[in-house]
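What follows is a set of structures to go through.
Both complexes shown next keep subunit A, but they swap its partner, so subunit B is in the first and subunit C is in the second.
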Partner chain A sequence: MSSTATTRPNGLALFILPSALLFALFFFLPIGLMALMSVLTGNPVVMPKVAFTARHYARMVGDPYYLEVIWTTIRIGLVTTLVALLIGYPLAHWMARIKSRAGHALLLMAVLAPMLTGIVVRTFAWMTLLSDKGVVNQTLMSLGLIAQPLKLMYTETGIVVGLVHIYVPFMVLTLTGVIGRIDERLEQAAENLGASPLRAFLEVTLPLSLPGILAGSLLVFALAISAYVTPILLGGFQIMTLPILIYQQISANFNVGFAAALGIVLLVISLMLVIAYNRALGLVSGQRELQ
Partner chain B sequence: MMKALGPLSRRRFLTASASLGIGTIAAPYVARADDPTLRITGWGGKWGEIMKAEIGPAFENEFKCKLQIDSAFPYLPKLQASSRSAPIYDVMHTNSNEQWAAAEMGLVEPKIDAKLVPNLADVYPYAVSDKIVGVSIFTSAIGLGMRTDKGYGNITSWKELWDAKYNGVRGGYVIPVNSLGQAFLMMCGTLFGKGQTDLDAAYTALEKLKPIKIVDFTGAMEKMLLSGEVGLCVIHDSGIYRYDGQNQPTDFVSPSEGVLSLEQVLTITPGSKMKELANAYVNYMLRPEVQKRLAETVWYSPANKKVKLDAKYDAKLLTTPEKVSKLIQVDWKWYNERKDEIDQRVNRIFRA
Partner chain C sequence: MQTAASNSASLPAAQQAASVRTPGPIRHYGRYLYLAINIAILVFLLAPIAIVVVFALNPTPFIQFPPVGVSLRWFEKFFASRDFMHALWFSLEVAVLTTLSATILGASAALALARGNLPGTRLIVATMLSPLMLPAILTGLALFQTYVLLDVGRPTWGLVAGHTLVTLPYVVRTTLAVLHNFDTRLEEAARNLGASPLRTFFEVTLPLIKPGVLAGAIFAFIVSFDQFPVSLFLVSPGNETLPVTLFNYLKFDLDGTIGAASVVSIVLAFVVVIGLDRTVGLRSYVKL
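On to the complex of A and B.
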């Protein structure tokens, strides 16, 4: 075996070059700059004397308010993911197993239809439903069921409702592919061996669809914790999340360093989740090398 | 003759068409390529419309230049990210609190040179006071906005906002990001404490304002007031008066304790390569005819004393020294020095 043969560049590798460059330019470079800004006292491009500092991170750790914001962000992400999974799984299962082509197409259209409208529009639609003068409260009041409007907006519940509506399609589409690849004969075999349909589902289908559950949950959680428009509009700034705080630091406090530090924290949370996902997937599928 | 031109092949036809198309599209740009460009900031909405349709083109024609207007707020982070020697803007138009922050960072010049801007001699004192960086070209009065169809009666004081009958229909702002909210916080110090800088009194007062519906932009507050989602709120007079003639059940209240000033301020960036044009623009914006046109479009009170508005506008806007004397200006330098501390506190106060 000659060494030249092993070191010769693969011609196909050149095709990866544009995407690698794009990835480096628009992903690694901005994140690298953000990480750098988070440990500097100012912007070295426009300021003459800039030094390294840990003050932005110290501020976050030193004030429980920021830790509360981080926890609120994670909590909203977790609840959104859980609700999206509970709504999305049965729908995905139905879509994967439906025999009629027309039925499948209709279900797919129903799932995709909300994605054809912008997030802002969909969130405003929820505002018209959930506000004090909105459809829900006005209907309940006109029916005499409530005297005062229910507090449906400016709560975490309101934000979760809006986020679930937006992210359920991501969960459904991820799950449908995985569930669709599960051999139905496995369930039939379990039932032939005396398992009830529920037990067959719990012991055969559910474990086999775990990779889809994990992938969908990862996607929805990552999108939910980084959401900005929906928490701002449905939370009315009374529910503070990391993306809102980052925007506030950039747009009103002009503190790029602290905003960058908050961004890095958000990134670290997402990375930890990806690592945990890979580990879980490895354990579930028995593919230890994924770790 | 036809032979001399040769046959019109498909390739020739396509080439000629493409050249003609590109030429047509590029012609205005090529023709103006030599014109100097003044990069400024400005609001959207009605302000943006009239700037684009009338005020901007008139300036371009008179000064043989091109006006490039950025109306994508926020402006200061963009200026902050650009080079000091080649800033993204030549003239920055924004509210006073941001201008102070920009001046503290050395991103804008703290004062306008009166020798280069002759119209500066005609402005009310508040427009160039020690509370202003650059020059205020207009101001709005921050007071209370109310629904007139809810039987609230005659409201005369800021303190009525704390009345329990407005629970559920009270409106305010996200203080960390909104100038009106920040000015109102200072007003709370004056109303319930020793003055604007009495933050403890202000925080206590803000606690007692809950429940309150808060928004980030005044436009959102206007919509909430119009829809009846809020009944009494902090707002600037322009936010009410701009619906004049639409028969809306809303009105502006100038509280007896005085109205807060929401200044529209122009500053020039130190690194601008268009200083002469920048000063000309500031001077142009202070011209009585320009001030009158803009004031009567967006309901801002003009800073130039010589402006004579039509009776309808004159009756409501701050157009005399007596009316202008009601304005309370905020010490934004003091506020900005404590902004982080204030933000942390008010974020806690208003969280659900």
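On to the complex of A and C.
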């Protein structure tokens, strides 16, 4: 009897209710309505005769343009993830291994500072860096390295650079936690047995940090494919991604049904990524999900 | 920049440790390469923020590099602009309301999850953290559609609800972290000494979880203040938050006003981060 008493919800469990209500009204209900709108012919409030339809999804699958948009979004997400991993790993390794407490705090500050600067502000920064008369082109031209400004903005490369800058802190923070958990003595043992530091890293640390690599990559990919500001400003309205298309359907065409269908596609992709992310972190330690 | 300097100062000790194990010039080169790569990455992370400050102070009305001088004209223009000031105050209002609701709801939820013996805790936590990973633009779209269907317009409370949804996870996470780390025997001791559950909560639990709640509140404030995708769908024309106003401005203009506005938000973020470090320490939030 006493064992059932300790596992039964107590009075404190009631404190979950306000949040549960918030999620029910402002999260599950809206997403449910979005799913509903994606299979209706129109707005049921203003139109008396609405019927179920699959035409929004059929339009997406039937028109190569929309498949191209989805593929562009995924391609930008993949390249962003790969670059964020290549840039994030060394920094995460340094953060996890640095001995000095002050050094660690400063590194953490350096990683958090861009994170705490708004997306619009950071995208503005990259516009001043990458535009034709921007810092990068001006510097290269004054050094005589190039005669014509490089086309950095309004290209996928520009978008990727901006996205990497915005999402690399998420990669670093995920990886730091995982690398920090790997016993440094394993690496030392490998080195004492004659392995070079590089080989010790490649054969000991890197394989052990794979769950972190997976988790960080999934997180960055999920964030990158849902980005709006950076692709639209650095792409100069010339490169179409799924979030841009969704907003355009609302603001320009007011095609709520089609926007909802596009939203559901993005949601399903993201949901699969979230589940995979939780699995990957679960590999690191069974306790981690709670934090 | 500061970071790079101080870390190269701590480098000799690390080098010594490395050379004691296995001496050799190759090891040193490897170490230098490692540091060079990392410093380059830090420059990549921090330079764009520095460049914003440069353009905020550069007096030319277009992007020009290298800068030709220092002036405060863009700050004057920013603070004199009725649109920007309205947006700044509206953003602060939304951020304050969001922080209040996210903190109260999030801290209560964390308490219920850690102490309430709820079934399916892991699933509930995963659900509550999901707005962090699910595209915020979808949260905005879904809420927008709901408000249209229910014909409620675009009220401020609707915007605050959307912001609360995407900031609540921070409060839940930081509060849960503290709740899991502290010694539950302190609460048991209070109960054994005759304190009521309510008194135990207010005199033992609450003071101990305060740093976590506070850290979550600070995160909530910054995230709300910088929030864009949810706001994009939920603001009404003429009543926009600062990031939306900046975005609309950026679509047509690329002058120093944006730089000045950016510096104002960066300074705000830095003040909050330093405050965070002073009050609770950043170290405990490495874990994402």
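Just so it is clear, the second predicted complex is superposed on the first by the 245 of 291 C-alpha atoms of A that agree within 3 Å, B and C clash if a C-alpha of one lies under 4 Å from a C-alpha of the other, contacts with A are read in each partner's own complex, and residues count from 1 in each chain.
Quick note on the criterion: contacts are C-beta pairs under 8 Å (C-beta built on N, C-alpha and C of every residue); 3 or more make two chains touch, one makes a residue touch a chain.
All of these numbers come straight from a predicted model, not from anything done at the bench.
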| item | value |
| --- | --- |
| Contacts of A:Gly235 with subunit B and subunit C, given as first, second, both or neither | first |
| Which of subunit B and subunit C A:Ser131 touches, first, second, both or neither | both |
| Which of subunit B and subunit C A:Lys49 touches, first, second, both or neither | neither |
| Superposition-derived comparison: subunit B or subunit C, residues of subunit A touched | C |
| Which superposed partner A:Lys99 touches (first subunit B, second subunit C, both, neither) | second |
| Subunit B versus subunit C as contact partner of A:Arg185, first or second or both or neither | neither |
| First, second, both or neither for A:Asn253, with subunit B first and subunit C second | first |
| First (subunit B), second (subunit C), both or neither touched by A:Leu12 | second |
| Subunit B versus subunit C as contact partner of A:Gln148, first or second or both or neither | first |
| Partner chain in contact with A:Tyr65 - subunit B first, subunit C second, else both or neither | first |
| Touching both subunit C and subunit B, counted on subunit A across the two superposed complexes | 43, 45, 131, 133, 250, 256 |
| Subunit C contact footprint on subunit A (complex, rising order) | 6-16, 18-19, 22-23, 25-27, 29-31, 33-34, 37, 43-45, 87, 90-91, 94-95, 98-100, 102-114, 116-129, 131, 133-135, 138-139, 165, 168-170, 173-174, 176-177, 180, 188, 191-192, 196-198, 219, 222-223, 225-226, 228-229, 233, 243, 246-247, 250, 256, 259-260, 263, 266-267, 270-271, 273-274, 277-278, 289-291 |
| Residues of subunit C defined as touching subunit A within the complex | 2-3, 6-7, 10, 13-14, 18, 21-22, 26-27, 30, 34, 37-38, 41-42, 44-46, 48-49, 51-52, 55, 62-66, 104-106, 108-109, 111-113, 115-119, 121-122, 124-128, 130-131, 133-139, 141-146, 148-149, 151, 161-162, 164-165, 168, 172-173, 176-177, 180, 197, 222, 225-226, 228-229, 232-233, 243, 246-247, 250-251, 254, 258-259, 261-262, 265-266, 269-270, 272-273, 277, 282-283, 286-288 |
| Residues of subunit A touching subunit B in the complex | 43, 45-46, 63, 65, 131-133, 148-149, 154-156, 232, 235-240, 248, 250-256 |
| Complex contact set, residues of subunit B against subunit A | 74, 76-77, 80-84, 101, 105, 168, 174, 176-177, 213-216, 227-229, 339-340, 343-344, 347-348, 350-352 |
